[in-house]
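Structure incoming, see below.
Just so it is clear, A, B, C and D label the chains in written order, and each chain counts residues from 1 on its own.
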Amino acid sequence: MAQTTESRFRVRYAETDQMGMAYYANYLVWMEVGRSDYCRECGFSYGDLERNEQAFLTVAEASCRYLTAARYDDEILVETGITRLSRRVVEFSYKIKKGPALLAEGRTVHVVIGPNGKPRSMPNRYFELLKATGH
Amino acid sequence: MAQTTESRFRVRYAETDQMGMAYYANYLVWMEVGRSDYCRECGFSYGDLERNEQAFLTVAEASCRYLTAARYDDEILVETGITRLSRRVVEFSYKIKKGPALLAEGRTVHVVIGPNGKPRSMPNRYFELLKATGH
Amino acid sequence: MAQTTESRFRVRYAETDQMGMAYYANYLVWMEVGRSDYCRECGFSYGDLERNEQAFLTVAEASCRYLTAARYDDEILVETGITRLSRRVVEFSYKIKKGPALLAEGRTVHVVIGPNGKPRSMPNRYFELLKATGH
Amino acid sequence: MAQTTESRFRVRYAETDQMGMAYYANYLVWMEVGRSDYCRECGFSYGDLERNEQAFLTVAEASCRYLTAARYDDEILVETGITRLSRRVVEFSYKIKKGPALLAEGRTVHVVIGPNGKPRSMPNRYFELLKATGH
């Protein structure tokens, strides 16, 4: 990952399950927090892409490898980077940490679509902003 | 409640928290399942109201009284009824049960709005369908 | 509210629904974030109460009044205070804001229980810490 | 997949996002519904494994490939099968469908752990019940 963004937050009680850990699907929510912050550091809100350009980064693939459990109130750090970027496909990769410990690693692949659900190209301005971060 | 609809489902592992119970916010999701089934038994999908009429039942108030914990895999029954109905405001009431035991009681008040977020009247066809159930 | 705690975070995409707003049950999750921060500012993690004392603040009642929609990426401020405090019952009240605008108001009532689910008294140390904030 | 279990439910409004589709993390929740039903058809509740044996199927890996969006109120079918089974590792595979259309495919890998978080063997009775389904 050429450049990464850091997102920090605590595990919510709502995110725990009866095993006493953060439920596994929530890691995908945390990745989304990472993506949102990544876009913001590139100079735009992901919401602008939807609102102003009618371009949507739909998820085509998601995966996560879970190493160590996250628990209620843990301070989570998500490191987010882009590992593949074209006008039609964006891949984000994530490291989810607690302090120096790696809790999980993930990856999401996104396809740019229009409001009709059909693939389209990423609007130029946003593509350049994402590219400028080093990819 | 003049007439009620019954919704049945099991508590998901995702819905539990580290206390070993269903997390309290999920009861509001279950009420939504109850409302959806209520509309369906009245003869329409709530989604049609949004899609065909651009009318949205936004939530103005929600409350829940929790009596007994629901646990993973419990078979939940939600009884949903309308306790107030006008062209602008709909109130649903809910009993959430496990077998004969009452787990929780809730209430949601909805206001009909248009896509601009402004209040509007419930489209006649849907109002009549809701009213025909006995209110 | 004698003294309040402030919690700040952004609305997650996961928290939106197809109406384009934050789904109503998520406000109860935000209230929990507020409670967690409140406990922390009183000098303890709510998790300690569970772990060290086997005392659990189960929810007996929750309610929310929704005034204005919260949307994706909005910066949310939750102001949390205790509006009732005894050794057996704690009531928190919340104001959910976006800038100066009040989005929602909520209230949760909690009963202290032990691991067997039976009511018990709040351990003295934690009761004093909560009381010291001004109630 | 030698033998599969079918789970059926409707997409909840809570599960949609502002793109008007089911949010991607919810597919992992649906997989969990599939796993729960799979265990039940094998003759036990997954909760028994935790409660009676102190054995937990923690998630080590999860992945999902998203083909077509699921929308509010869609009738979802999850087909769940075991694609790998040993006393220490269980892999489930899932097909998520709407009618004949494949919406998504997923896979989760689980490791059996004890209450201390250390790997252990699956209790014999449960291992035999899972194996008896044809693996």
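Following the convention adopted for this analysis, a contact is a pair of C-beta atoms (placed from the backbone, for glycine too) under 8 Å apart; a residue touches a chain by one contact, two chains touch by 3 or more.
Only a predicted model underlies this, so the values are computations on that prediction, with no experimental measurement involved.
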item	value
Chain located farthest away, centre of chain D as origin (C-alpha)	C
Which of B-D and A-D has more C-beta contact pairs	A-D
Where chain B and chain D are represented by their mean Cα positions, the distance between them in whole Å	27
Between chain D and chain A, distance of the C-alpha-averaged centres to the nearest whole Å	24
Where chain D touches two or more other chains, by residue	13-14, 18-19, 21, 25, 29, 32, 71-72
Of all residues in chain D, those that touch chain B in their complex	9-10, 12-14, 29, 32-33, 36, 45-47, 71-73
Touching residues (chain side chain A, partner chain B) in the complex	13-14, 16-21, 23, 25, 72
Chain D residues touching chain A - in the complex, by the definition given at the top	18-19, 21, 24-26, 28-29, 32, 50, 56, 58-66, 69, 108, 117
